[in-house]
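Written below as structure tokens is the structure these notes are about.
Chains: A, B, C and D, in written order; residue numbering restarts at 1 for each.
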Amino acid sequence: MTAPFILVNYKTYLESTGQRGHRIATAARDVAAESGVTIGVAPAYMDIHPISRHFEIPVYAQHVDWVLPGASTGHVTAEALHQAGAIGSLVNHSERRLTLADIEASIRALREKKMVAVVCTNNEPVSAAAAALNPDYIAIEPPELIGSGVSVSKANPDIISRSVEVVRRVYPAAKILAGAGIQSGECVKIARDLGCDGVLLASSVIKAKNPALVLRDLVSPF
Amino acid sequence: MTAPFILVNYKTYLESTGQRGHRIATAARDVAAESGVTIGVAPAYMDIHPISRHFEIPVYAQHVDWVLPGASTGHVTAEALHQAGAIGSLVNHSERRLTLADIEASIRALREKKMVAVVCTNNEPVSAAAAALNPDYIAIEPPELIGSGVSVSKANPDIISRSVEVVRRVYPAAKILAGAGIQSGECVKIARDLGCDGVLLASSVIKAKNPALVLRDLVSPF
Amino acid sequence: MTAPFILVNYKTYLESTGQRGHRIATAARDVAAESGVTIGVAPAYMDIHPISRHFEIPVYAQHVDWVLPGASTGHVTAEALHQAGAIGSLVNHSERRLTLADIEASIRALREKKMVAVVCTNNEPVSAAAAALNPDYIAIEPPELIGSGVSVSKANPDIISRSVEVVRRVYPAAKILAGAGIQSGECVKIARDLGCDGVLLASSVIKAKNPALVLRDLVSPF
Amino acid sequence: MTAPFILVNYKTYLESTGQRGHRIATAARDVAAESGVTIGVAPAYMDIHPISRHFEIPVYAQHVDWVLPGASTGHVTAEALHQAGAIGSLVNHSERRLTLADIEASIRALREKKMVAVVCTNNEPVSAAAAALNPDYIAIEPPELIGSGVSVSKANPDIISRSVEVVRRVYPAAKILAGAGIQSGECVKIARDLGCDGVLLASSVIKAKNPALVLRDLVSPF
């Protein structure tokens, strides 16, 4: 079985902000080096530059705006993310929903900078719609599992496998992440068995006393 | 050639508000009766009830919210639209964009009340994504043409025909409306020739001195 | 003690939608007639017209948009509310927050139609800011109490009395409503004692088996 | 006359992104050193860390979110801005309007980190409302002047002087910036004469071939 892609969303946890975010990036780099698994991080905007300068791991933004260049204040352009060292961005995370038109424009803006779009979705029809936009990745986040403490893979594998099926049908080239309820290597393995190419996760790594330990468990089956 | 569906968006024009909206509904009813063409209207929320009580024409809402029942103020539920006499709703109009998750939930909420969803889109990939959600209608509104005074059909028929093609590929059962730049019967005919099932229009009817005259022109080729 | 103003927010409860909303309006009319207390209702947009035609009670909208006339779809103008029979509107309800610029523009749009603005606020500084915009009413909704089942007046009268004080200082002419946790006549009396001119409430009337009974209790101290 | 505060909003101009933003910060540092005038910059989030590390000039964010710590993706916390080196933030810029409740919460979040809040407003009543929230700065941006190429001070000094007056009445300790139509030292001088403590500007510096030259002109009267 090929290795999964593991993407760690820093969110706005205090445990992942500023200097502390480097501690998690260090763990990601070390476990990636040991295991050969690719581990990416999505820190706060302000931490993209320092982390991408210090570490040779893939750095993603948590969000990108589609805006006209210039007359926009407080917005985040693909160009600026690119210059800061990000190689891609989450798009439409459940905590930062976008209009359909903006999702499409964001994917396009990222593509123009050769950046990777990871579009988050919440159920089968939305996953099909997102797939029709041909993003690089689709991260399926069933709302039943977000922050629930229940493993996506154990709870109801059907949610994931049905979404994988509709995505594959609409856009076979899409890579798929399981985006909620990932806690252990067993979860990652089940996600892979259900057809996912990797996982998107946050709290179980960010809030861990020892992030490297959790990451090592996550990659252990591979 | 079968007759097109003509949907008149009242927007918030003074010319279509309150009592004046009845004048337009009267024109729609009369021209529909003369021609056999189905003409629907999408008035302000407040005018849905009086218009649907006075006229036997299809009445649509301009927008529907997907909200949890009860704890939402100032929002518009499919249930309440249904009770007021609407048979469907625009969804994601260019002047009222929704998140992808809300578009999907709105279509679902309308479907549960057996109401018709008319999802508005702005380009080919967004039309494909909307089609993946299986709504009844997709109204293609190329931003180049919205309020431009340029006819959609004359300006660049390719925008329409390419979007029609992607919609048909993703969801063959979808009905398609041309949703910008419709001014005359010739426009409607070209829209039909390009594969559309009808048109969505606003100002050319609403702001006309004589709405019936404009509607008669629109249906004249059929 | 002069009588309070009681404003019943219908929200989107099934119990207040369509025909059922008339049942509540009937109770409001009857109890108002019996007691001499003014009782207003804020039904769904679609029910503003039928209710204001059938009943001689004050009808409010739950929200008003500030939009340019014409090119806006799915929005609610003060003009259209006025024509439908509304005499005022809630503005910035906790379930429909607006930008500061839009709150100001909404108040202005209502004022131009001689309609009443009821601006909802959540704490002292926000109440002071709202007062600086000189609306007719300010409805203080402490988030600790919204939908909590705890009476605003019993729980922490200080929240209310401090907000009343700042509002009076900034704009003495403002009328003030207690906007959360109102369940009984005793609550209304305490709100009056704290300096409020009335109450804004929803579920305790809307979800009651017998709305007239609840309304009678609410007005019983006056 | 005491020196004004000059705050340069980088917006998302290509000319101010990444490495190019350092060029503008260099000009700000040099002209500030020559003249004794305080010149701050508000770059993209990603550039806050590198610019605040390289330059001893005040660095502001263009926006701050008020969000619960942790469960928010793609949002910007005061804590994270603080750790990145920002000393304050714009709040409610005309290109990033916030709800009234969020403006108040943003000011509070900044205050807790001892950071400076610069709240943008568009007219007199909105300026009064913002003043009631007691922020450090209020930046008055009359919409008639934003990006108009017309100087705020020349065009209609009354807009500014009336807003200054209402702000002073509601919160005398507030510092005030003229936030639109600033192009030259003469504009800055007139803004000072009208009672402003400084200016907020963007394109005239950012898009200049030689930003230092423009900054030197802006500070020339002092």
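The working rule: a residue touches a chain if its C-beta (ideal position, glycine included) is under 8 Å from a C-beta of that chain, and two chains touch if they have at least 3 such contacts.
All figures in this text were calculated on a predicted structure; none of them were measured in a lab.
Engineer: Just to be sure I understand: going only through chains that touch, what's the smallest number of steps from chain B to chain D?
Structural biologist: 2
Engineer: Give the pair among A-D, C-D or A-B whose set of contact pairs overlaps with that of B-C by over half, matching residues by number.
Structural biologist: A-D
Engineer: Given that chain A and chain B are copies of one sequence and touch, is their interface built from the same residue numbers on both sides (over half shared) or different ones?
Structural biologist: Same: most residue numbers at the chain A-chain B interface appear in both copies.
Engineer: Please work out the Cα centroid separation of chain A and chain B, and write it as a whole number of Å.
Structural biologist: So the centroids are 37 Å from each other.
Engineer: Averaged over CA atoms, how far is the centre of chain A from the centre of chain D? Could you give it in whole Å?
Structural biologist: 34
Engineer: At what distance in angstrom does the C-alpha mean of chain C lie from that of chain A?
Structural biologist: Each chain reduced to its C-alpha mean, chain A and chain C end up 43 Å apart.
Engineer: List the residues on chain B that touch chain A in their complex, please.
Structural biologist: Contacts found on chain B: 92, 97-104, 121-123, 125-126, 128-134, 170.
Engineer: If we count contacts the way the header does, which residues on chain A are in touch with chain D in the complex?
Structural biologist: 9, 11-14, 17-19, 44-50, 61-63, 67, 69-77, 79-81, 83-84, 90, 93-96, 147, 202-203
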